[in-house]
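Pasting in a structure now, in structure tokens, and then I'll have a few things to ask.
Naming follows writing order (A, B, C, D, E and F), and every chain is counted from residue 1.
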């Protein structure tokens, strides 16, 4: 399990990072989204991987080890919300930049490099 | 590795049959999605999973929890109901869009706009 | 009257005067002059009253920054008294002179304000009893000298000269600061008296040499010593009173003063001898030589000033107490004769309209009084007997002879000194002869005449002083000089005599030689000198200070720009590369230096479905990365695939709340990005240009990306498989139900344990929504995206081409079925949202999830019925929802104050309601309600603000081919293609 | 008497069918029939339908409930049958000659809700797809997965579904 | 009536939030302005009270507020100590001045200025006060989100271009932040900074590597905010493109990065020069020094004042961080003093630049016209400002120039103002340290002052004096008042330097013994509510 | 015994559904037209829903039901938006 999730996060990061280095704003926003997935999973995975142990208390089960770590999940929720907000903002800014500068290059002007 | 709730044998067998048949039907539908030639043919295939496949699996779930908790657990009906209502909406919109696109490209395999 | 009061009055009077003067009306010339004169005279009075006490040294301490050793200590001893006298005395004369020199149109109060401020700073320098305080005043003198030089800032020369002066002296000041810092550290205190008594220790200290060099740089720049002399001649762009004051008597003497002051501490070493002596000697010669060739009166005086400053410096460098005495003495003498000469030059300039000696001639006929005063002063400068200049120059020559016994310089020293003296005779003679004698001037702008009486008066006073000191030194300067000398040398004060006649001795001989050879040189070379076209000396004219300075500055800027180009960037891509590379490299360094990561094998077996799922997820991610450039729509779909895999992962790994949230966010984000996609023009693959460079760069990027992926994967694996930490989480699991009344611990964390985070998080959402709203109000779409999308044009034209159809019918038909379904779903989704909200505390759900679900209900209506229709039927006030949500959430938090508990303390209770049963009630629910309300408002605002762009009418008339008939054709020609909006594949 | 009751009902319950559906929805969501849930369900059922009022959704009067039941039965049967039919075709692969294609069917239905129900039924049934409906000509373009005889499909809609829908809605 | 005073600590966060919520919903501009001003004034008062209470020798040095009444390390705590109190007070003063300045015109250049401004303040104060690592992230995000809005405030091509970069880079930084926090949580099992300081001692060697890596990633996120080379290229373009009030407020934002670095270094590694651990110290020293060097080059290369101002910010961050890297209490205390001074000075300078540009008629793309007929009309927008009746006297110009000289002195570190004292205090401390790195840093500081002098002279002389005619800009008195207020703070910092230095001395002393902080935060049986002790001299008439 | 039977059935079902997801994803990646990809994504959603249901059975818990319900009730929003984008070039007009 761990190895699969690690590799998954690695693939998401690699794809995202590659897009971050691209010159087009849309590529960058997709890159950030992919990295956000990875980061979300990363924070989540820090709590350890448990199957069928959601942190929803059963009054009958007092043992805390029966539940997975709830804190990373709470952190992930906050992170997801913030990522969502930032994606929206970045999108609008890239649209505004496209409209004002006439190009979707991240620098607002075409360069000789691709 | 093998996780499953403890059920009476008859229930286990019935539930197993239900979910297996549902899953097979769904898989067949998706196989159709991959193997059929044209888009308009392919659209038909996933309906299998959305209708009978879903119904069977949900029935399995209902039965399982009904036996497990000895009371009527019927909320899977909602899943089936909503999937039955919403999937056609998607497909209708999608097929019409595909029709437009094919017509716009003068694809001979679609009836022309009247 | 207490002496400390007098001391403070001395420094604060000019400050107050400066402030007062700055508030005078623009042209209040007389008022300003009167004010300045009053202030300076008052200062003189204070000084006079302090004369007696200063011999033993007086000080006033004002604690300021004791922890770093900076206190305001004003201190007066014989030396500083003498300098203060020069500053205020000559200051008073300059004030008077300037009243007549400055034109009536000038905003003179500003001038006097600056002048008084400068005077205060100068007094501050000489009265400082703390090294750092001295540096502070030192830099202030630079600053005000800058302002004074640039007084006529409309002239480029003035600006340039001022800039050069400030750049040089401020830089020197910075060095001085460090030097003083070191000095203070060596002495253990910045208090001057402490430092002065720690000479031995300091000279033996390791830091002595660096400190000495830094202090000398400070002194040399200020006193225009070689090689920092270049700024002084350019400072002559200042009004003449400024030159007379700053560049003869005060500012340039600050460096001299400093070295005299620190003479007991710093002198006596070889380093001192070599550095100070050689700089002094070089300046003496270069200044004198260059002065000879100047055609500008002020230029001549400026270079001669350089030369005399060099002379004083050389004296100080000789490491002999007697030379130090001579240095002090010459400082005073030079101030008197040079100030008067500057003033005379100013009068000539004022009356004739020119300072060019080639145009001046025979002025003695027109201004005999000025001429005779100038002649006396020039004679003093040349070292003619019976004038003060002679006395100190005699001492100088005597000292050079005395030093010639030391092997370093041998006979060179007296020879060079004599040569310099001869030069000084030469340029003095030239000054007088060329200006006052000869035929009447031919091309003077004005007809010369004698200036107003009060303008000559200051010169007369100064010349009188030259004479009096020169003739009866013992009765005039001797006590003052002695006080100063004793203050510096203390017990080491040597025997010296100020008599005019010391008998026939080698010094006299050298004096005579200098005098005679100077005259001879003038006679021989005057024509050649006067014909010199550049007004610059041979050999040295290549080193045009201004050009050098400018090119140095230009090179500095070029270097800076080069560095900026090379080591900095304004493009985003390199910055993002660094953002990835820097943590990567530092992380690798850390791991490498500590022996690598230990990878545990403590792993769970792989669930095959999970692996299959992530096969899909990985392929989708890579696919999205691959398609994002040319097929944005496809990239979006692929991202959706990766998103759903994430969601399933959360289901798998015991995080139902996350799964739901991820799904909902996924849906909303997809709609959002699709809304944005409409405004992004298509990117055409066939136009792509592939160069070798871009291939290499892509290869590099790819490898960095892969390495980053691997690194994060390794980090993830390492963190996941570490032995479990003793986390704070068990606390939450133990107390969520009993102390916070909720079973869904994640939700309890969000609304209770860590509600503060949530409060911040919803604030972020609100702020971003408001920002998006603000940006979109001024939104201007890309030119190519402004037209209606191709699909709509095609469908609309189809509708209008058929008689039975009306425009928009295709759309209505298209949406008929979805619209019915979506409308009926509206209440159902709202109820579902309510359900998710209400159960949140115990089961997966909660305010955020519910808010997203609710906003989807609205978005679906917008999609099915269009913006206008929806808004005509549903009143959505997203901004109000945002404000309200924040208020509810905050209110729920602040409410606990009323019960004496900290912010966001929640209260819960299981309430028995008859017939219905036990209901859990928690105030955290109220907080969650705020979250819900805000999320609904923010999400809707974001999406709707974007959606609104489609129905706005561009103010700019669409001049493109949008409305022509051929557009109705669906043919996707390549030309037209670039004008299309995003094409899905 | 009934008229007044109807008026009152109309005033309180803008969409009685929806009210019922929502009560059922709420109960199913909670998986319980406790007093608390039922109270909630009733409150929801009374309040939530009002959200539809501003959307101007027309009230549906169902003329025949027996027709509804009948329709449901037919649809369930058709869906199950078509599921197996389509699954069989997919599994058989290329062994059988098969052609799919479009069929145009003239419709009599005009009620948008009736059309929507028909569209959902047709699309939910594997093997048939609602592709396009023209409001002017009232013609429906149907895509059929296994098209052997066009009339068979025209009959399916015209004979099997349309009359019942007409019975229910018109 | 309940006593509100124990809750004063949280007021700098909650008050702006409430005000922002109100301002969002209120339609009348005068009312919005009144709310903003009132909030800001109240905040100033509160933050000064907090500062006094910490500074008072009678009260505790560390005051802990347990949000939600959950004890640390489980709940989120706010911690008021010397450093955070100082930063909050600094923020409040800056904010009040900037707000006053913006009332003249900028608050009408786009919708929602007041809300964004207030929320920026909330984010800043939250970041300074929180004692929880993840909560720090959240407040960073609040601050950033508001700053994105403010960067783009007024729209225009330059702002949008710069804003895009700014957002992209800070998104990256946030991702690094999250990664760092999660690793730290994974290794230590806590998010509370004090608890972290405790637990880190018991982390095994293998895990320590992971922790260090995570900490480094986190630190890099902070350094990006602080604008350290090579991660700070975004800063000068962004700050020079944005509106004057936004830029002025942003001067404190880089300080958040510095603050966070200082706080965590103190808690995790210790900042004493003899307990230098890991590679953090050398990295900070090198990074800070290179930042100084590069901002020096930037200043020399600059063609506009706003770029000079931007690089001044970098110089200031670089200086403080390099000093943190070296350690040593005297130098660090000086660095804090210097930070206070430079924050006020750069902010004043940004505001002044706006006036100077106005005089030159080059107000940077002020109120860009919207492209569309605005059917989406904002009910709060009063349209372009019309009542700009400035005082058209040469006094205006003189005041602007006077202000410029002030700013130039402060930013070049020339005597006699606080800029000089700060630099001197640092150098004096470094000289005590008597180590090669100290001398190098002294040299850098001196050279950077020199570069600043050249840059200021180069552009200042030609801009101010070079033009043929003097254009008298229309300046409202509130704008002067704001700038004068900030400069007056510098003057007060100069004249009352002893008190400020005493405070920074104590701040550094507290940072050097984090034990007190930790034990106060982790008090096993916390009192039900922290009571704020206001020094008696405040109470007595 | 019953656990074994049901467990094996569940594993089989989940494998089938996972394979279905892989195949649907193949359609998403392969296309060829945008409508094919959207169709693939929609199928992916529905299959994911079913997988969640089987997962609920496997763990014997109801905690995942809402996730499934969200897909059932709201999951079509994204695909509707995509379809509409294909047809009209705009999601909300």
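To be clear about the criterion, contacts are C-beta pairs under 8 Å (C-beta built on N, C-alpha and C of every residue); 3 or more make two chains touch, one makes a residue touch a chain.
Predicted, not measured: the structure shown is a model, and the values here were computed from it.
K.L.:
Which chains does subunit C share as contact partners with subunit F?
P.N.:
Chains that touch both subunit C and subunit F, as defined above, are A, B.
K.L.:
I need the common contact partners of subunit C and subunit E, sorted by label.
P.N.:
Looking at subunit E and subunit C together, the chains touching each of them are A.
K.L.:
Between A-E and B-C, flag the pair that has more C-beta pairs in contact.
P.N.:
A-E is joined by more C-beta pairs in contact.
K.L.:
Relative to the centroid of every protein C-alpha atom displayed, which chain's own C-alpha centroid is closest?
P.N.:
Centre-most chain by C-alpha means: E.
K.L.:
If you average the CA atoms of subunit C and of subunit D, how far apart do the two points sit, in angstrom?
P.N.:
Each chain reduced to its C-alpha mean, subunit C and subunit D end up 73 Å apart.
K.L.:
Distance from the CA centroid of subunit D to that of subunit F, rounded to the nearest Å?
P.N.:
About 23 Å, centre to centre.
K.L.:
For subunit B and subunit F, what's the span in angstrom between their mean Cα positions?
P.N.:
Going by mean C-alpha positions, subunit B sits 9 Å from subunit F.
K.L.:
Using mean CA coordinates as chain centres, what's the gap between subunit A and subunit B in Å?
P.N.:
30
K.L.:
Return the residues of subunit A touching two or more other chains; collapse runs of consecutive numbers into ranges.
P.N.:
Where subunit A meets two or more other chains at a single residue, that happens at 20, 28, 42, 46-47, 51-52, 54, 56, 71, 78, 82, 85-86, 89, 93-94, 96, 99-100, 106-107.
K.L.:
Among the residues of subunit E, pick out those that touch two or more other chains and give their numbers.
P.N.:
Residues 134, 138, 141, 145, 148, 152, 155, 160, 164-165, 168, 172, 179, 182-183, 185-186, 191, 371.
K.L.:
By residue number and range, which residues of subunit C touch two or more other chains?
P.N.:
570, 572, 576, 579-580, 605, 636, 652, 656, 712, 719-720, 727-729, 732, 753-754, 757, 761, 764, 768, 771, 775-776, 778-781, 791, 795, 814, 817-818, 821, 825, 828, 832, 843-844, 951
K.L.:
According to the definition already given, which pairs of chains are in contact?
P.N.:
Result for touching pairs of chains: A-C, A-E, A-F, B-C, B-D, B-F, C-D, C-E, C-F.
K.L.:
Quick one: which bits of subunit F touch subunit B in the complex? Just the residue numbers, please.
P.N.:
1-14, 16-17, 19-20, 23-24, 26-27, 33-36, 38-40, 42-43, 46-47, 49-50, 53-54, 56-60, 62, 65, 68-69, 72-73, 75-76, 79-80, 83-84, 86-87
K.L.:
Given the complex with subunit B, which residues does subunit C contribute to the contact?
P.N.:
Per the touch definition, subunit C meets subunit B at residues 605, 791, 794-795, 798, 814, 817-818, 821-822, 825, 970, 972.
K.L.:
Write out the stretch or stretches of subunit F touching subunit C in their complex.
P.N.:
14-15, 17-19, 21-22, 25, 28-29, 31-34, 37-38, 40-41, 44-45, 48, 51-52, 55, 63-64, 66-67, 69-71, 73-75, 77-78, 80-82, 84-93
K.L.:
Taking the touch rule as given, give the residues of subunit E at its contact with subunit A in the complex, in rising order.
P.N.:
Touch list, subunit E to subunit A: 134, 138, 141, 145, 148, 152, 155-157, 160-161, 163-165, 167-168, 171-172, 174-175, 178-179, 181-183, 185-186, 191, 371.
K.L.:
For subunit A, which residues are in contact with subunit F within the complex?
P.N.:
Subunit A residues touching subunit F: 51-52, 54, 56.
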